[in-house]
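Following: one structure in structure tokens, then a few remarks.
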Amino acid sequence: MERIRLGMVGGGIDANIGRVHRHAAWLDGAFDLVAGALSSTPEKSRASGRALGLAAERCYGSYAEMAEAEAAREDGIEAVAIVTPNHVHGPAAAAFLERGIHVICDKPLTATMEQAQALERAVRASQALFILTHNYTAYPMIRQAREMIAAGELGALRVVQVHYAQDWLARAGDSKQAEWRGDPARAGLGGAVGDIGTHAHNLACFVSGLPVERLAADLQAFVPGRAVDDNGHVLLRFAGGVRGMLWCSQVAVGHENGLSLKIYGDAGGLDWSQEEPDRLWFTPYGQPKRLLTRGGAGATAAARAISRVPGGHPEGYLEGFANLYTEAATAIRAARHGSRDLGLLPGLEEGLAGMRFITACVTSSAQDATWVTL
Amino acid sequence: MERIRLGMVGGGIDANIGRVHRHAAWLDGAFDLVAGALSSTPEKSRASGRALGLAAERCYGSYAEMAEAEAAREDGIEAVAIVTPNHVHGPAAAAFLERGIHVICDKPLTATMEQAQALERAVRASQALFILTHNYTAYPMIRQAREMIAAGELGALRVVQVHYAQDWLARAGDSKQAEWRGDPARAGLGGAVGDIGTHAHNLACFVSGLPVERLAADLQAFVPGRAVDDNGHVLLRFAGGVRGMLWCSQVAVGHENGLSLKIYGDAGGLDWSQEEPDRLWFTPYGQPKRLLTRGGAGATAAARAISRVPGGHPEGYLEGFANLYTEAATAIRAARHGSRDLGLLPGLEEGLAGMRFITACVTSSAQDATWVTL
Amino acid sequence: MERIRLGMVGGGIDANIGRVHRHAAWLDGAFDLVAGALSSTPEKSRASGRALGLAAERCYGSYAEMAEAEAAREDGIEAVAIVTPNHVHGPAAAAFLERGIHVICDKPLTATMEQAQALERAVRASQALFILTHNYTAYPMIRQAREMIAAGELGALRVVQVHYAQDWLARAGDSKQAEWRGDPARAGLGGAVGDIGTHAHNLACFVSGLPVERLAADLQAFVPGRAVDDNGHVLLRFAGGVRGMLWCSQVAVGHENGLSLKIYGDAGGLDWSQEEPDRLWFTPYGQPKRLLTRGGAGATAAARAISRVPGGHPEGYLEGFANLYTEAATAIRAARHGSRDLGLLPGLEEGLAGMRFITACVTSSAQDATWVTL
Amino acid sequence: MERIRLGMVGGGIDANIGRVHRHAAWLDGAFDLVAGALSSTPEKSRASGRALGLAAERCYGSYAEMAEAEAAREDGIEAVAIVTPNHVHGPAAAAFLERGIHVICDKPLTATMEQAQALERAVRASQALFILTHNYTAYPMIRQAREMIAAGELGALRVVQVHYAQDWLARAGDSKQAEWRGDPARAGLGGAVGDIGTHAHNLACFVSGLPVERLAADLQAFVPGRAVDDNGHVLLRFAGGVRGMLWCSQVAVGHENGLSLKIYGDAGGLDWSQEEPDRLWFTPYGQPKRLLTRGGAGATAAARAISRVPGGHPEGYLEGFANLYTEAATAIRAARHGSRDLGLLPGLEEGLAGMRFITACVTSSAQDATWVTL
């Protein structure tokens, strides 16, 4: 199997998220990175490209230039990873989609709902695939949790508790990553709620199989001078009478990437935490709690299918992220024969749902946490 | 030091909470149980009394009888523990208070706000002490957490997350303990919110040092036929701009007594869980997380003062509960000389705050989770 | 049920272990402490007695005086707790046993094997009971582990790993408790191996149901000037071909009372740690690990029988210790009618086995860790 | 930077360890796999090669054929990964080393001491590098632990406890991986002690900075019919008077890959477990325990240098393994200019030390656990 030729927009060598996408693309040997517009300044873009071993002529000064040039090459990229600040997602993705190049795009979908709608049109008009990296959905034990719920192992669902707590923005700082995330023009109106709340929302819906129908959000900006929220408390009402709570915070001192999900039904409960992703706690009602492990006795086929090493040899964030890339490679190969099937990969719908979630949170909070329908 | 003569209302030998109060009274050798109206049926009351070694003439058929008879004895009880269903708390407590007998009463204060107001009058009219067993406030590491916050170790507080999750009411049952808790006439309007939500509320306020000013509550009764809530999600606004969330549930399958409290300020974060009460996790901003243990290197004077065994020899629920009783014994001895000082013991004020919390939750939820001021 | 009249030898108000015995005796309301020879100096003994509310005439200057005087009283003590340094255990116990007073004695049995043999004669000559407080055997989940193994839930046993790690003697100190433990004349030849290794040995045998037949020990004294071992590594060969390892250390920085036991058979494995005593991890071969909790869904009758509060309300060290006392009370009441049955309580045999263990460790280590038969 | 051309001996698509090496080689984009002798049967080797996208002419029937052909190609491999059963390591490595091709070899070094000596000669005669994948040494927090000890943060070392517990061989089975490991001709005389005990030994020495000087081992084969040990208890004496214990087991039901290391000195203690590799627990004497995390506040430069994603986004087994490969790539690039420096990479010396360890364990156990000098 030949590797898929991949380009990247954003993700210069200093950028954290670009590095993540590259490791994810490489881990299973499914992609070669061959082109890039890796920075918003052409010079930096080329320096990053050289450091990554890209051919000089494929280090581009802008995504527009890259889309045009690569589409014209015989050996041009088949797919592009977009790992820029949020406001660039939409136009960059559209530039590749309209040339038939598949897009793997970081979340959230865009910075604004208008951009999202424009991107929606671009996706619908293209034969190429659009994949959104809600990477936490590709952890093996998350896939297993989803399957267990779909199979009824928790009975009728009742309550969903989801948290995403970090502390890296607990004080004002000037890192590049912090900077654009605090700027509504580039990040969108949501701060923590857009950056990590949207992951929590996506994960809760993915695992429960239920959409959020209404929410009431109380968002705060605790750090003086911050233009977007850095903490949010959200009451959730899912389809089917299921209730929940979402807490996202970037000022919760003591948390690194504390994404946790607990789901309760009338027949059982599940508990999972991103910082120990190989472990899923399952309590069938009236029985002892069980520790299900990826690759261990508790793993189902869904978990084993995206597992690389035996249980007890921990897999982590990059392996989960790589699962998305490797499934993307499979979808891209199928797309050569006309398939548009994304399987479990998140795409446009999940991106739009995320934008509605962010918008609803901001709207509700501005109205003193009244209920808003998504 | 002679032991204090104690009576008990409710708490027959089958009753869980009466047993807890007895162990707590005995552990430090500070009380003798000498009289009881241990059941609502006189016959059972006497059988329970005999099993506990009470003299036959001090096994009473009702609290009223007991209050009168004990007040008349030279060697009558100095204090009474009230461990009945909620609707009996108020009148029973009043019967002893008006005879100058100190009252140690289980929570919540009463079943209704009217009863609470009547009890408030009785407390204010009496020279005797009124102590409410919000027992979780007497865990050593909770006392330490409170002290650390008061000393500024967390900086300016921002966020409080408090949960109390159980699963023993996940299905309809007919245990005696479940039965009265589901009856608004005996338990009050709150279900989970009154039984355990009020503990969570009390603990959050005790440790943070802040009152809840406004709340928005979304309560549910998931189990068919249940007349009170069994799950509740509550947005909290504390004094001083601190925000929070409270979740209480008696249908969260997989939790036994999952009371957890996390508090974050601009200089640090604390994390404590009742199921491992000897441990307090403290993260000073920008430093590694630390494990503070009761009796260990991390313990402050506040924790050591109410600690019985060395660190690593776990203390638990009964030790925490006994701390209340032993502090009550000290307060009672001081009261002989005119003191009314309760120190850190919860009393009428905490009971009234709890009633306002329950009432606000029920009111807010009935109005679709609008904000209610406490 | 009237309380049993208890005396105490050793355990002045500053002494940690005496305090533990008192809480344990009081917790379930089964004993009254009415007499004491609480210190080796008569004056301190009386001061401690007063502080504990003992009648002045029952605060004795020596155990010998106490044994004689109490045996002569109509309302004399029925049982005595001996909580002195090890070298006093034997003669003090004998003084009470020969007067028909039951003895509850701290471990190890004595300081020397000669003392142990003398005590053995005293126990065999007396109608009174002799109970040794190997308290860890009375944790509910330890009882359950023993029952599960006896019932074959682990299949044929293979391996036993037991550790007891502390750090309170990691440096030379001069606390009273440290001082006598480092003096072979008072503690015996074993240091860590006698103080905590013997607990580990006892627990491993109690739960597995197997005696240690041979051992090879490598003992060390790391702290300069220490006359007894403060760390020991021991290879164990149990009856039936079961192999194991015991590690005891009082210089393992970071451990408070890290007593842990892991047992493996061909059908399953168990894992328990004293610092979380309510939890027992059980893995049936080929199945997910299960968390069995005291009072929870995983608890068997053996655990529930000695459980006071619901699961998730943690019980700890004092509750476990109190289980021994309350079972002792039951045995003492039965002894009034001629019974000598100790049930699961540890007694003389366990004490002698402990002495053989200590002696074998010291002997083996002196011979460069050659095998010694117990 | 161009990728290094890599070949592989062993590691057909069904083989677990070959897959691990490939992911490790790919994760950072430092290697291309271009040739292989992937199976001991030529046909399977070619099928595996095709599935991995190798050119048909570079799918070889044997390592000898591959060494010769690749050495003759202009674009031949620069390095080879050897992932066969143990008895093939030596001759295969020699075949490449003598042609100047760098070798990355799985552990243990060889099946027998004779093979080890032959390989030693081949390594010493070659200009090419020889790297042994004791992969656990490349976890960031292990590197940090080593650095902390070297810097004196634990003071003078005293005790080292190291365990490696698995349960996948608790019963007789016929998986290919189990089969050769139970055959002394292919695995060597050590079973568990060779397969995982040698990892534990290597890790303890790497982190402590100390060699094991003497050991006494008690090895067992619990599963009927097994020709090699499946459980081993080993007393360790390190240089400088440091004592320790090593336990390795492949029959410890409930453990997946339970490799844990605890090291204690007079100034502090460290505790690390492979199943949570991003966490290192550090207790400075007399202070609270601290949680040091990879990428978090507790991480030192040594940990950050081999860290890919922020703290709280877990890295695992493959990331650790990839650290070895990426450091190997650096060493290989430097070797083009004459360097032979392996930095912290394990190589021949570590391999020989491992062989001495295995041999000493088997010898000691055969002599009833007498001390053997390494």
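Letters are used for the chains, namely A, B, C and D, taken in the order the chains are written, and counting of residues starts over at 1 for each.
Just so it is clear, a contact is a pair of C-beta atoms (placed from the backbone, for glycine too) under 8 Å apart; a residue touches a chain by one contact, two chains touch by 3 or more.
The model shown is predicted, which means the values in this text are computed figures rather than measured ones.
When you average the Cα atoms of each chain and compare centres, the chain farthest from chain B turns out to be D. The interface holding more C-beta pairs in contact, when A-C is weighed against A-B, is A-B. Separating the centre of chain A from that of chain C, both taken as means of CA atoms, is a distance of 55 Å.
Here the spacing of chain A and chain D, counted between their Cα centres, is 34 Å. A separation of 43 Å divides the Cα centre of chain A from that of chain B.
Chain C has residues 255, 282, 289, 293, 296 in contact with two or more other chains. The residues of chain A lying in touch with chain C in their complex are 282, 286-293, 296-298. Of all the residues in chain C, the ones that touch chain B in their complex are 1-3, 16, 19-20, 22-23, 26-29, 33, 51-53, 166, 168, 255-258, 274-278, 293, 295-296, 308-319. Contact residues of chain A toward chain B in the complex are 154, 158-159, 161, 167, 170-171, 216, 218, 220, 222, 231, 233, 235, 237, 243-245, 247, 249, 251-255, 262, 264-271, 281-285, 289, 368-371.
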